[in-house]
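There's a structure below that I have some questions on.
When the chains are written out, they are named A, B, C and D in that same order, and each has its own residue count from 1.
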């Protein structure tokens, strides 16, 4: 997390590293999708990397994260190994969900990564509940819930913001406002498009942040999480960003014009940070080349791992519908779920 | 009133109280469970004993507080979420099906959801269409859930603890007509894995549960007077179904009447019939009969509602015909 | 509706008449419930009469009304005959829902009374849809949707206010804030208890009104409906009122103290208006006695009608699950639904 | 490509276009039906022809826009509400069950709801647990609804109009695997009241619908090679079920295999089995077989998903065993 002590330069290079990992990882995913190594729905985060990198930098290993179907960036920034993510997208047993989840359902209980929900808004109540459990058990952790601008139209958003505010729960609501819900523009989804203002209506601290500026996101997330840890209750960040690619692999993008996309690409969060760091002499060309090299190697390793990983035997098809740990007759069951947090 | 007499309502309350005393991770959450004392007075007095944190009133937000129960279970608690009635649970169905029942599988076994959801179910109190659904059998279609239907004082008192011990989501359906059921519960352990043979007879098997369990027993009394001896099965657990108990009975009686307050088409009665036809086909001497609720939204008028839901005379007639054919 | 021309005195006496009808009707219902003529759930409106009387005075015969399970007042003020309502509560075939609905489901299509919903918040989407149909068909009517403070916590409220505001639909959202949702006090339901402010957050006109003051309610409703008819889109009124009786017939009222109830009873909307009219010489003791007499006779007639009315034959149990009008092969079906509006 | 060739997707689009041209009361509403062109490109081009009022994009608010469709129907319109996929329809289930299916009865016949709701259903595209539900058979439990499952180009093209003519709510389930189905539709009227006998044979009756209709036909081909002649029934309408067609076939073949992509327990397959056991019990020479989806949330991995849902070899084996026994 952003410790006041820690030099700004190292914070920046960490943000850059995370954003580049996400970008290169997903670029590789696109190739693998074309070669049909990856199937199903796949939603790219390209263009939005500053959000995941910035928010996750403010979290401690104990914190919890609830994500969406557009979650590669959240998972990588949270520290879920690229090998386990890639193997999952290959549908292999070594995947972080044993091949059962795929791109939309990445989980890593040990890292408090409570996974992607493919039902828009479906993760919000889980986040509220995780935070409630922390309150009960006196754990001082923050549960971050990522969701989109479109999700804010769902009833679940309203119910969950009210509940979290009413009970003063330690939740960071991280709204990724990329201006579109699939092909539906913000103004066609919301009568009131100032999303931070809407959240503030529940009586919680809420403000907009430039979601293309990684250090700005990191600072805002640090401020919000510190305040939440101090007991100030839920906070809401409207992270103003943009999706450079199609909604999913099947989207012909009829609903927006190229010019708009090009304008936003000029604000590429990675280019922006590189320029700033270079200007501030925090980054040299060699540093960058080295970083790119490390990342390519990491992704190569992930792909190699996924390629050779075994698939789940069909005999295990019906596993994990019910727990395999038998209920302990008479005494209460071990705190399995806690091991997960 | 004899020593030890209690009601279904009190038995359920005692079960909650005991669980909350026994395990600090257990808490009760739902609409009006606290200050109001529970819509059906089940949680009356618990707020005073355990306080507003553990007996937690919620806003009218079924999707959010049921989903929060799932999240709290993931976070190490053992929530008892009360959805006032099954009629309102539809607002939380997405959370129940797409999260509670699915997370363990989607996460490759990492995230189990030790959650108990209680709700009142059933018709018979002239509450009309939107307050009279019997959907427990419908919920039993969902893999990943366990579905319980306590029909006796013993089960009202005894099913909650094993449900809380279960590492996976368990739904408990309490039929609204049972809360005032009273008597002296028999002591002894209660499991959540087997159907119960409530009465033995050699001519016909009557299968019921929840709101129809008592009616099948009354029908058996009436049939006995005619010399027809009925095996009476109370399913108790609607998912997973205890096939063994059913098939064993059918293999002795060769005649079956299934009594279900759910609508007939696609109800639990259909699944039981299909399993018997699959597993005990050659044991059957007559078609399987089903006595279910007429396929209409439940009307308010008393005479119409009574005509719509399964009643003892209809069960008796069906059994008589089954045995005769 | 409140026509500027119409003398204030006559508006007041109409408000008084409607409030008294509701009050006396429900007092009789209580007796009939004790004698088991009426069964099931019954929710009394006593104390809240100014809301139904005032709002309905602003409506034209063409307008539509969507109600709740606490709907006797709405139905009576809307002009549904007391005979048909009482017969419904008796479960008779002559009831306004042929005995199938009971107290919570009163309908009168001919009067645009789209009935009570027993699912809290369940009527909100219907109101939005009715208004959408009017927009499509160029009908300039207002759809009024009654709902409570508790209903505002439901996701449906959020989705429907956003949708109505986004599409600028002619809906009057009439929130009956009686400070409790069953036994749950307003502050235990909402993080932000200023309900009008919350509604305004969707960018629609919204303001609070003294719901114990019938003329004030009527004026506010007139203002709102005129503005809606003029094309200003949805409006929201927070009608601040109080339920004098229990939530339903089974409620022991553990959640509020008698003193609070007594304080509110001092603001009885009927007594208040009588006092004001008397002071303004708009009403004499004889007028009032005459009015009470008429109302008692109306209710006596309703009870007598319900008592002698036949019940629906059991053979008709399965009617009205599917329409009896056969689909007209080839051509479109007649506009049945419109006859209802 | 032969003259007149079309796809299931285009047939559905033509049906919507024709209805909107023919009746101004018809409009299409749902998520991304307009600017995006429809999640599965069914409504592509309709926005351009009919404009944003009649091809209406909605926010992510399933409960509100499905309920608004009900209200609009009450107000005299003939809405076609598209719920992108059945998986999301759970968020609108309260509106569908407690309002659309119930209003006519609760109002004593005053308020009918001439609404059509379309949704994509089914598994088979590696979309994992939350995007692969097959719940059309589950919806068929609800009185007041009509449930259609078009499995052919003719039904994709022809079922919408009679559905819009129907005075009551009709749900149309389009299996995601069918959109690219292509060919030259046969001309002729399309009803929404009868099951269809897609192939005739005397040894066994194979019953399927929607996503399994094609698989049952492929299985019949394979069986024919072994000398087993199958009657193949495409149910087409899941509520109300056309019992006559089923019983007529069973009375000729005396053996039945029901193929359903829904989960087995409490699925539509159970109801069909129960009805056969009730109405054609003495016609059966062997137990009724069911080939259904394994009772698990659908996994992402291709080999696991394929193993979970009904496949041709399993149907063939089940038919072989049925005939053998």
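Just so it is clear, a residue touches a chain if its C-beta (ideal position, glycine included) is under 8 Å from a C-beta of that chain, and two chains touch if they have at least 3 such contacts.
These numbers come from a predicted model, not from an experiment.
J.: Between A-B and A-D, name the chain pair that shares the greater number of C-beta pairs in contact.
T.: Higher C-beta contact count between the two pairs: A-B.
J.: Which chain has its C-alpha centre farthest away from the C-alpha centre of subunit D?
T.: In terms of C-alpha centroids, the chain at the greatest distance from subunit D is C.
J.: Between subunit A and subunit C, what's the gap in Å when you average each chain's C-alpha atoms?
T.: 46
J.: Centroid of subunit A to centroid of subunit B, CA atoms only: how many Å?
T.: Centre-to-centre distance between subunit A and subunit B: 40 Å.
J.: Counting in whole Å, what is the centre-to-centre distance of subunit B and subunit D, each centre being its mean C-alpha position?
T.: So the centroids are 30 Å from each other.
J.: Taking each chain's centre as its mean C-alpha position, how far apart are subunit A and subunit D in Å?
T.: The separation of the two C-alpha centroids amounts to 36 Å.
J.: So which stretches of subunit B touch two or more other chains?
T.: In subunit B, residues 59, 61, 63-64, 87-88, 91, 94, 98, 105-106, 128-130, 143-144, 295-297, 299 touch at least two other chains, as defined above.
J.: Quick one: which residues in subunit A touch 2 or more of the other chains?
T.: Residue numbers touching two or more other chains: 97, 99-101, 105, 117, 119, 122, 153-156, 159, 162, 166, 188-190, 321.
J.: Taking the complex as given, what residues does subunit C use to touch subunit B?
T.: 39-41, 91-92, 97, 99-102, 104-105, 117-122, 150-151, 153-155, 181-185, 188-190, 251-252, 254-255, 311-312, 314, 317-318, 321
J.: Mind pulling up the subunit D residues that touch subunit C in the complex?
T.: 22-23, 25, 27, 53, 58-59, 61, 63-79, 94-95, 98-99, 103-114, 143-144, 146, 162, 164-168
J.: Of all residues in subunit C, which touch subunit A in the complex?
T.: Of all residues in subunit C, those touching subunit A are 153-159, 161-162, 165-166, 188-192, 197-198, 201-204.
J.: Inside the complex, what are the residues of subunit D that reach subunit A?
T.: Counting only subunit D, the residues touching subunit A are 31-32, 34-37, 39, 57, 59-64, 87-88, 91, 125-131, 294-297, 299-304, 307-308.
J.: Can you name the residues of subunit B that touch subunit D in the complex?
T.: 63, 87-88, 90-91, 93-94, 97-98, 101-102, 105-106, 128-130, 133, 137-138, 140-144, 239, 241, 262-263, 265-271, 273-274, 276-278, 281, 284, 286-290, 295-297, 299
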